[in-house]
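The structure is given below, and queries will be raised subsequently.
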Amino acid sequence: MPNLASSGVALRNVSRTFGTRRVLSDIDLEIGEGEFLVIVGASGCGKSTLLKIIAGLDRGAEGEIRIEENRSIVFQDSRLLPWKLVWENVVLGLRGNRAELRRRALAALDEVNLLARADAWPLTLSGGEAQRVAIARALVRTPKLLLLDEPFAALDALTRLKMQQQVAALVEQHRLTTLFVTHDVDEALLLADRILLVEAGRIARTFDVGLNRPRNRADAGFISLRRELLEGLGVSEEDGFAAAAQPPKQPRQTRPLEVAVAAE
Amino acid sequence: DDAKTLRVGTINLFGVASTFEQAGHDKAGDITFQIIPFTSGVVGLIAAINAGEIDVAEMGEVGPVVAQSADVEAQIIAATEPWRIGEALVVAGDSPIRTLEDLKGKKISYARATNGQWVVNKALQKAGLDITDVESVFLPAGTNTLSVLEAGQIDVAVAIDATLSAYEAQGARRLVNAGDVDVDNALFFIASNKAIAEKKDAIGAFVNQLGKHLAWASENQEKHAGFVAELLGIEPEVTLSVERNRPKKLQEIRPELIPSNQAIADELFRQKVIEKEIRVDSSFNYEFNKYIP
Amino acid sequence: MSLATVSTPSSAADQSAAGTWQVPRFVRRLIVPVSLLVIWQVLASYGIINRRFSSSPVDIIAALWKLAVNGQLFDSLWISLVRAFLGLALGGSLGLLAGLVAGLSRLGEDALDSTIQAIRTLPFLGLVPLFILWFGLGETPRILLVALGTFFPIYLNVFKGIRGVEERLIELGRSYGLNRWELIRDIILPAALPNALVGLRYSLGIAWLVLVIAEQINATSGLGWLIIKASELAQTSVIMMVLAVYALIGILADAIVRLIETRALRWQRSFQGA
Amino acid sequence: MPNLASSGVALRNVSRTFGTRRVLSDIDLEIGEGEFLVIVGASGCGKSTLLKIIAGLDRGAEGEIRIEENRSIVFQDSRLLPWKLVWENVVLGLRGNRAELRRRALAALDEVNLLARADAWPLTLSGGEAQRVAIARALVRTPKLLLLDEPFAALDALTRLKMQQQVAALVEQHRLTTLFVTHDVDEALLLADRILLVEAGRIARTFDVGLNRPRNRADAGFISLRRELLEGLGVSEEDGFAAAAQPPKQPRQTRPLEVAVAAE
Amino acid sequence: MSLATVSTPSSAADQSAAGTWQVPRFVRRLIVPVSLLVIWQVLASYGIINRRFSSSPVDIIAALWKLAVNGQLFDSLWISLVRAFLGLALGGSLGLLAGLVAGLSRLGEDALDSTIQAIRTLPFLGLVPLFILWFGLGETPRILLVALGTFFPIYLNVFKGIRGVEERLIELGRSYGLNRWELIRDIILPAALPNALVGLRYSLGIAWLVLVIAEQINATSGLGWLIIKASELAQTSVIMMVLAVYALIGILADAIVRLIETRALRWQRSFQGA
């Protein structure tokens, strides 16, 4: 476990309100140096908002926030600059000799299997390609803090596996502090040191993933943690298409946030 | 545009027809005179008469020459008696320029193809100078010429009443009057050939009314000055000083007027202001003299 | 490790702080122009600025007062406003229409754009004599001149706005069966609106500018006539007063467009300046 | 199996080239009325391009194409109109009384659990919320043809399950012809009548999913089809984190398309 | 079931078809203006348009020829071009600067925007006398007037362009450690470019327009002067000839900006008209 005392990122009693909607409440969070923290939670529960606060991009947040200046971020949308070629997007903000930058960009693009599209305009990329460029952009530099907001959502199984391995390798190699938002429980369990389950703007549960690396899906610890996590998310392991037999409306584990606020 | 309505274009700043309405002179019998004021310069007037938008236009001596040179189909149908001190060269109050000879090498502002240019020409001629001996400055219509004069950007300007008197009231000094350099500075009225053909009676009535209006104005100077002051938004004292020397009646259109206009035409051609040589005698129409009261 | 500690006050405190300490926006916007006025007045009072060259703000207000009292100002202002409004309404709607036609279809672009671009560069002043020839002496040429002047900014910005609409959204509209009119109403116009509003703001300015020229044609009314007459008669304070009135009206008109903008573009989340 | 003779959608010998890149080649495809067709394939293989051609949105395609006019589409990006409120976006293009439209929109938003955000501006939505609005927009009308491009990529496990059930129910109820692009093999197997595996712009394989509904992940047929499909995608079932032990660069099953073209 | 069958030709055939059948773009753009000219000429030749009201294209070309032969046309054109260019360069760069300052910072906006908006509505004509007073009678006031006129479209469009940049992209820049200058260069300027180019196109038009007024200031050269002289002497054909020259130059200038646009906005995938 990383040392929490020397932690780079810390939130104390942080909340965020948009208009009258409280989207995050009383978040207390420290991320240790080199820790790989994964956030899971239902859609709209506040994951991206939390990530942006930690990235120092949200000026409307209340509470005490200590942020790390040297960071890279992969947004949920790929956010490529349409007027820069793919490789130029990758080295956005990096200074130095243009030829050298291009070399670095090409290397990073090769890692995400996109060398062939290096000189394309971003608006001609497919969804997964754009996301991979965004990943390459985050990985081409070596930040202290890596923030990833559902970076692999648009990727196919194979590319996803490869990317997961790459991120894991990079994180390990450079001891990057990483915050990773995902919907994929397996992904969370494969990568995380610690998993936060966010529910309606609060940290509902914390899972310490004490499994050895490399992890195996068939591992008993893995399977039991997986079940716990899915239950936390409101899904039972057996939920498959059998559930279609139930009436279409389920009890709402993903309650609209208004309800939560009104209840306060 | 019926035969009973005559559309008369004038310039408020100096035109004598501009006070018709206030004086209640815009009707004579069954004829109505529709006075259309132009803001400044004869450009608009010539364009309007050319377009058939007005029947009669009031302008200086140079105007008819310019109109003729531009093939505007119009003739002179009336003229006021000379207005020799209604236009003058002016300088700033503290200007060192005292005589016409001092003009050599100075910056003189005037409007091209207007009476102003003619006055400047004649003044230079009198001093034995040519237009090339001075620096001609052309300011856009609607320039506050007095301030340019006082700022020293120009040395001399031409002004016509009521502007002239307004400048004087604000400290400008007359260098020489139009009359002193042999410029009559009479106001001319031209009518389009079409109007002459189709609205002969109305034009006659207008010439008659014009004579009456001038006579009335010279008898009721204070009242007329008041009208002008109201029209232009300036002090009545200033306009009253204008009244004292305004033309008091019309003069007959007669061949003796031709040489002066021909001289204008020749000189403007020499200076390449107009592009062709013209004979001005054809633009004088004598048939409305009989309406002069 | 370089760290930054941010401590944001709680929302309530934040808002009360804003109430107590922050100067309201419109006051902040006034600081610079008002200071300029004060400096100007001081310079004029101490005779550093020659009165002949420019009146002082106080003189201008006096001139304003005088003309306001005798009603001339309001008459002139009113008639100018009417002309500007009519011209703008005409030019603006034609510009919008032409922008739509050229923006929406290639055929429209080919037919209109080059012609309009050519006409756009024709100078108004050169057109004044021709406008008299063509449209006579009434209000028509004046209003048409204003319309001509305001047509172009609207046209250009609407055209560009439409051509700046993302292809993605057009695809969306097509695949949801929007007919041509719905596509325009629901997608193209809203997307082009920010640009069209810039065009409108610019047109408002142009309308005034053209009026001064248009009111030279022949008029004994309107601010343009007032300013020309005052110039010829060397009434500096009147000139400056009319300019001041223009400026005031301009600020007002601009404020109205701003209001429309903030209402119409509520949905935007764009850069607000740092 | 639906009747292919009365098919609504048909492509014959369709290809698509961007500049010099051939992105789709020789696609022959018929979709039967009421058929649920799923397309899987690596990122950048041409899935979205194919979907857009079938949606009649791509004028640059070559070949013979018969399209269905009455269709709804969920794009890979959510494509909400930012100047319309969420509920207005849902009923985009529907005509009728405004109150009635709003009622329909709210019902559809309720189905995707977004009733509370009905009057929000789209730019304030979270990634998953935006995608759910796009789904509601497609489902609020009853088209003949439903085109879905990775519609559930940004959704958490629970919401995703619910959405899958909803789409399945709707499709069954109205006998909609459906074209569904996904990266999730389980999702494909749960929903599809037929699965197309696209590789580098060609239909590499077709899987007929002859399983009974509702389907169960534990079913033997399911498991074997799953393995086949994953293999087709270049992933072995056991690929977990164990793969991280391998050298980071794998042989490229997802070859850049240029290579494929150059080989022709 | 409603069906549509689309059959697209193979690419090669498509391109050869384009070569054989399609009229090139620039020719299509010329169809309407050229037809208008022809109609005009025909109407004029048959005397349906009164020669007094407008010259025919042939007359205009004759006038053009005459002035071209004696060199007056090119001299005037050249001097006007120089003035327009200098004024545009000055006004444009100041407009860009002010737009940047006001667009990038709230403080800048508060300081500049309201003042500029007020000045924007001041009519040129009212300012001409003041410009003469302040800047004399040389080239300075003329160039400054052009600069003033071209300043505003650039300013407005740059300002608006910057404020239209999506917050998302600014966030991106911030989180990738771009400094202020890089943020401007890599994100804000490219995003604002389409708008800025509209401003530039409009400025080009304005530069010409203002010149006609500016060249009234004691000029004995330039197209504006030619037009003024011609209108003083009611020479309709000369006026129309100069207007034709303006139009040609305008089309040319516009073509240049279009070229810049297509090059600079290659990355865009926006609506191209149906």
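Letters A, B, C, D and E mark the chains in the order given here, with residues in each chain numbered from 1 onward.
We take it that contacts are C-beta pairs under 8 Å (C-beta built on N, C-alpha and C of every residue); 3 or more make two chains touch, one makes a residue touch a chain.
Labels paired with UniProt names: A, D = Sulfonate transport system ATP-binding protein; C, E = Sulfonate transport system permease protein.
Computed from a prediction, not measured in an experiment: that's the story for all the values here.
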- Query: Could you give the fewest steps needed to travel from chain B to chain E through chains in contact?
  - Reply: 1
- Distance-maximising chain from chain A - centres being C-alpha averages: B
- Query: Which pair, A-E or B-C, has more C-beta contacts?
  - Reply: B-C
- Message: Rounded to a whole Å, what is the gap between the Cα centroids of chain B and chain D?
- Response: 84
- Distance from the mean Cα position of chain C to that of chain A, given in whole angstrom: 47
- Item | Centre distance in Å when chain B and chain C are each reduced to the mean of their C-alpha atoms | 39
- Task: For chain E, jot down the residues that touch at least 2 other chains.
- Result: 52-53, 125, 129, 133, 168, 213, 231, 234, 268-269
- Query: Got the chain A residues that touch at least 2 other chains?
  - Reply: 56, 69-70, 77, 124
- Check each residue of chain B and list the ones that touch at least two other chains. 43, 47, 50-51, 141-144, 147, 151
- Could you please specify the touching residues of chain D with respect to chain C in the complex? 52, 55-57, 69-73, 75, 77, 79, 81-84, 92-93, 121-124, 137
- Message: Give the list of chain B residues in touch with chain E in this complex.
- Response: 41, 43, 46-47, 50-51, 66-67, 69-70, 72, 107, 112-113, 137-144, 147-148, 151, 153-154, 273-275
- Mind listing the chain B positions that touch chain C in their complex? 9, 12-13, 36-40, 43-44, 47-48, 50-51, 53-54, 141-147, 150-151, 162-163, 166-167, 170, 231-234
- Query: Given the complex with chain C, which residues does chain E contribute to the contact?
  - Reply: 25, 28-33, 36, 52-54, 102-106, 108-115, 117-127, 129-130, 133-134, 152-153, 156-157, 160, 162-168, 170, 188, 194-195, 198, 201-202, 204-205, 208-209, 211-213, 224, 227-228, 231, 234, 236, 239-240, 242-243, 246-251, 253-254, 268-274
- Quick one: in the complex, what on chain E touches chain B? 52-53, 125, 128-129, 132-133, 136-137, 213, 216-220, 229, 231-235
